[in-house]
């Protein structure tokens, strides 16, 4: 099995061409022809993650966030990106990234986030039609809890299900919640759309101050559970999916990567 | 005394023309000719703040964030901005906003943030020369603590001095800190510049995930104390400054506005 | 009955989405939820027209030209637009504008202009397909007089039918005319199209010098009857149309507005 | 003497490089090396004017408005511009145009307009610094009448001095006038600047409806004496100036060109 | 017969609207109404070619390259383009150009190049769908030689068939060739597409250094037989085609034009 | 000695900031901190050149053309650039490129080309002021031969001095030449400037067909001696310069790189 086989399979479950136009996905460093028996899954290809891959003998890293997002005008070892590229190449580790194609794919990050929060009857929060396709994808999801739940209990559930200890709340807390919006990673800021969808609360990450303030004024409630926590849930899902297709492939999820934010 | 007198005085201490090109500053709603005997200072002109002004008999609100940032194509009472404008006009309350001109002015928000954290020997973190001027302003400041201090103690000081209970930390915590960077509101994301300035820690707000991750990889330490907390310290400073110049003016700082984020 | 009912009905007769992309139409100031029993129709929302509405107890003004065309960065009472907005809001008068959607709609301004000049067998001078629709609208109309008429008699008719005393003529006057083009407000300047349509004369307004000169060189004849006169004929038509639908609504056409140009 | 000598002299009195960036000035058709003994001056190079030049034996036409303004992708005899070019070339007539460089030059069109209306103590209505120069030119002029004069008398003077029978008036007529603004051809529409200059009336041409309406609302008074009339006064001035420098040159002003607008 | 008849016929065999958007085609100088009994065909309308047309009594020149490509802001006899236009107009010679519409048309320049090199089973090297059409055209062609041939023999054939003595070779020469790409004039530089098409060699012209270097590194072989030689073969083809349709028309191919490059 | 020392020295003789804005110069792959005892100079970093560097034990390649010109969105070993980067990194070879900063620097490529052709009294063909500097550099040079020389003899000299066997000539050959223009690599196509400089012949490379044709029509003569040959002369000059400054450095010029064009 080689990297190309995995890239092709990812194209089946989350077609590369469905990534947003501004996005950067697919092979980042290395070769489609590299043999792969072990693969490491991660959110971000940090220096620690690269070391982890090397130490574990993984020939390939599959990350959610693009390893090369801004195009490179040089590979300069005096900055961290250049240093990482050199380490990857010298260690013969290939990097592939699946980003917005995976966010919006059926069974992708948004679906997994809804599933993790036990939402049912899910549909798209915002329609997304990739350029040049008539594919019906969605950014964010809306679903229902089985029953009404108090807001405080729902917050406890979020923490438990996403494995976090802290989060931030924006706007007036509803007493009870049932209709839940989710938007993995970082909410796109379209508050008008959010309001028109009449969710009791939106669970997302990476909210900026002015968005928070406008949301509060519009009577919306948002839980910012962090970019990291609302997306990392995809890794175990992806591990299972890949394992079904590539039975002989050894797949590990990074154990060293952590949310860059700590609360104090 | 009328609104125009206050606008003119603000032009002396934080010239309007020194605002960034993308910014919106100055008179937002109302008239330079309105008489003013009472003025309310705030970060943001929310519906609660407008009610507070009206209830307190303030004829003018001076906000830090621009009340009209995106230009208006209509004043539609069915959305909150239109509703606020109608209330302001019917209540004869004039709104003026002083934003990036105040951030960068001597004695402005960045200087006040440095002062609040007891920094000495301050200079600019990043030079800023307003278009068409040869004025030497700065975005962000760098200063020193009187003595080295443990990181944990410094975090306690930040909380105390900014009046907050929670904050977020990014990157590897140094043991001791002395050279401190501050950047009010929201750090502009120029990590290369930050690194070259060799501060032990940067205190700022509103950091996004990818900036946090890059900072951590570059070995930088950032304290995200919140957009609100790192800027609201200007209000009392501004109150004092205005009081010195306009002795008869009754100046109040909003008591109802709060950070839209709460930690849970 | 409220403003929203009238906005919805206008959408039936001249759909808002059919306005040109650069245009600004719909609610300008006020609220869809305001009750309306009396409405004032006008070309332009001038200070005199606002006073007229207030004095006549109209809760709504429906103008042809957009009240807010350039987006507002402030509502400054020291300029006339800000002063007008304040007066409207304090008087609880809502403003709605129907512009290019009404120009091109069936029974709209161009059709009414053709009708006013007694043209028959009318078709579009220039096809106009609103973005994202397959609607077949037209900018300007071409029609026929019942019989050939001398140019001088036709000019007399224009004056009588549009209620004006002066107009301007461009190019060589034909002896007799029958095929007539009309273009309400301000001709779009596409002389090549005009020439290809072989009209004997075009009736329009607001012609600039260089357009006039080119038209004359191309052997075309244009009557500039004024922007005001070639559009204001819609008001009485609109009054009738609205009256049929909203029988209880009191509708008045402005009596104070006049063409800003006087001839001397 | 050849065309180049005249082009060089024009560069002394109205430097070509001082034309606006969007403008087109200088040699339009023909050759700097053509001998010239007779030259025809005109506002616009129409077909009639070309015939007049040929019939009068002029080897050169000097026009105010650019003969080629939109760049040519073909010289097609089936349209009037192509036909004119062919006639010029076959008749060996060279065309040169002096436009915004002449409008703004000392002694140029604006100065001549002020002079024609007997204004004294003139200065610039709007400063104009050509790109890449530190030259202090002006668009439009402001000057004074010797004494206050009734508005109606001033209108009579305008008609007499510009040789016109009709004009259009915009806004509220002042009773008496003394401070007069002039802007040759077509006012640039900057009403804010106009208002700040506190003129009693502006004399200009080619005003569009929306500019007229705004001016009226701002309490300004404008006399639209026509694009043609407010600029054609330069021809005789130019004839004198050229005659002083080129004594042997036979200079005629077009007798066939007329304002494309006639009033009825 | 007049120029318009020929323009209309060209529209049948190589529709004008199929030219690239950046291109300039059709009537360049003169009139559709000019009578034509003799026509000169050429690659480029040089001064020598114009003299040839005049001396041979041709009333029309049909060129492949656009006579006016950059739009003209003046017709200045002191530069060569202006001088040529004057000569054409004084000699009553009309110029028409058929460029990318002819390159890509069936039986056009690319097809003729393939035919000249005796290629069979041809198809498009690169699909080209003119804007607003669903026409299936191609830039460049791929075809086969009847049998494998040594590279050196193929080079000899190219020279003989295109009538040239020198050419330039880029990249590693294959021993034998059969699958041949052709791209008339100047290869568009899309080496990725070229590589994917697996031709043994591409015959084209006007290759720049960096394209050559990249091609060599990608293992491609290109023969640069010159812009002139790879396109001029259309003239005799065009002569035949026009003769069939316009039997009475006297058609000559320029005898004076030569490739501007000579090898030394 | 390390790469940074050489980069710094290059900055003295050809400041990096003087490169054109569109250019890419400086460190391309590797590290400023790498030790260097042997360096290979070349025009282009091809796969052969990389092998040559590795085989010769060079730790650094200094190329004239930028190794990374188009920014990279991935390092994909299945294309040649990715493959080369991997080889460089695995072989610990650092690449630095000095392009337009070296073309225009005193003693740079253009000066060396003039010197190689034995020109004296040289000055700039076209002034070039790098953005944000007041530095007086030039693109291209003009100089004189010691005496007039026949064109054919000069062509022989060019071949001998540049070490080439073939070249291409454009335009009418002058009988004798003395004033010579040179423009290394690829002439920028500004024929108007070239004509105004009145050189007898320009020696340059990489001329495209339409530039050649226009030059011929303007009566200019150009020798296209190839992009490679007109620039590669800098390598030996650069070797000498570097040797003077870094006496212990082993400097070799590539022996494997060749012009990608061969004549047949």
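Here the chain labels run A, B, C, D, E and F in written order, and each chain numbers its own residues starting at 1.
Throughout what follows, contacts are C-beta pairs under 8 Å (C-beta built on N, C-alpha and C of every residue); 3 or more make two chains touch, one makes a residue touch a chain.
Treat the numbers as computed from the prediction; the structure is a model and nothing was measured.
Peer 1: Which other chains touch chain E while also touching chain F?
Peer 2: Both chain E and chain F are touched by no common chain, going by the contact rule given at the top.
Peer 1: What are the chains that chain A and chain D both touch?
Peer 2: none
Peer 1: Matching over half of the contact pairs by residue number, can you pick out the copy of the A-B interface from A-F, E-F or D-E?
Peer 2: It is E-F that reproduces the contact pattern of A-B.
Peer 1: Give a one-word verdict, same or different, on whether chain A and chain F use largely identical residue numbers at their interface, taking over half shared as same.
Peer 2: Both copies touch with mostly the same residues.
Peer 1: Centre to centre, by mean C-alpha position, how many angstrom separate chain D and chain F?
Peer 2: About 52 Å separates the centre of chain D from that of chain F.
Peer 1: Distance-wise, how many Å sit between the C-alpha centres of chain B and chain C, to the nearest whole number?
Peer 2: About 47 Å separates the centre of chain B from that of chain C.
Peer 1: Note which residues of chain D are touching chain E in the complex, please.
Peer 2: Touch list, chain D to chain E: 24, 26-33, 68, 71-78, 82, 85-86, 89-90.
Peer 1: Given the complex with chain A, which residues does chain B contribute to the contact?
Peer 2: Residue list for chain B touching chain A: 44, 46-47, 65, 80, 155, 166-171, 185-186, 205-210, 212-218, 224, 226-228, 260-264.
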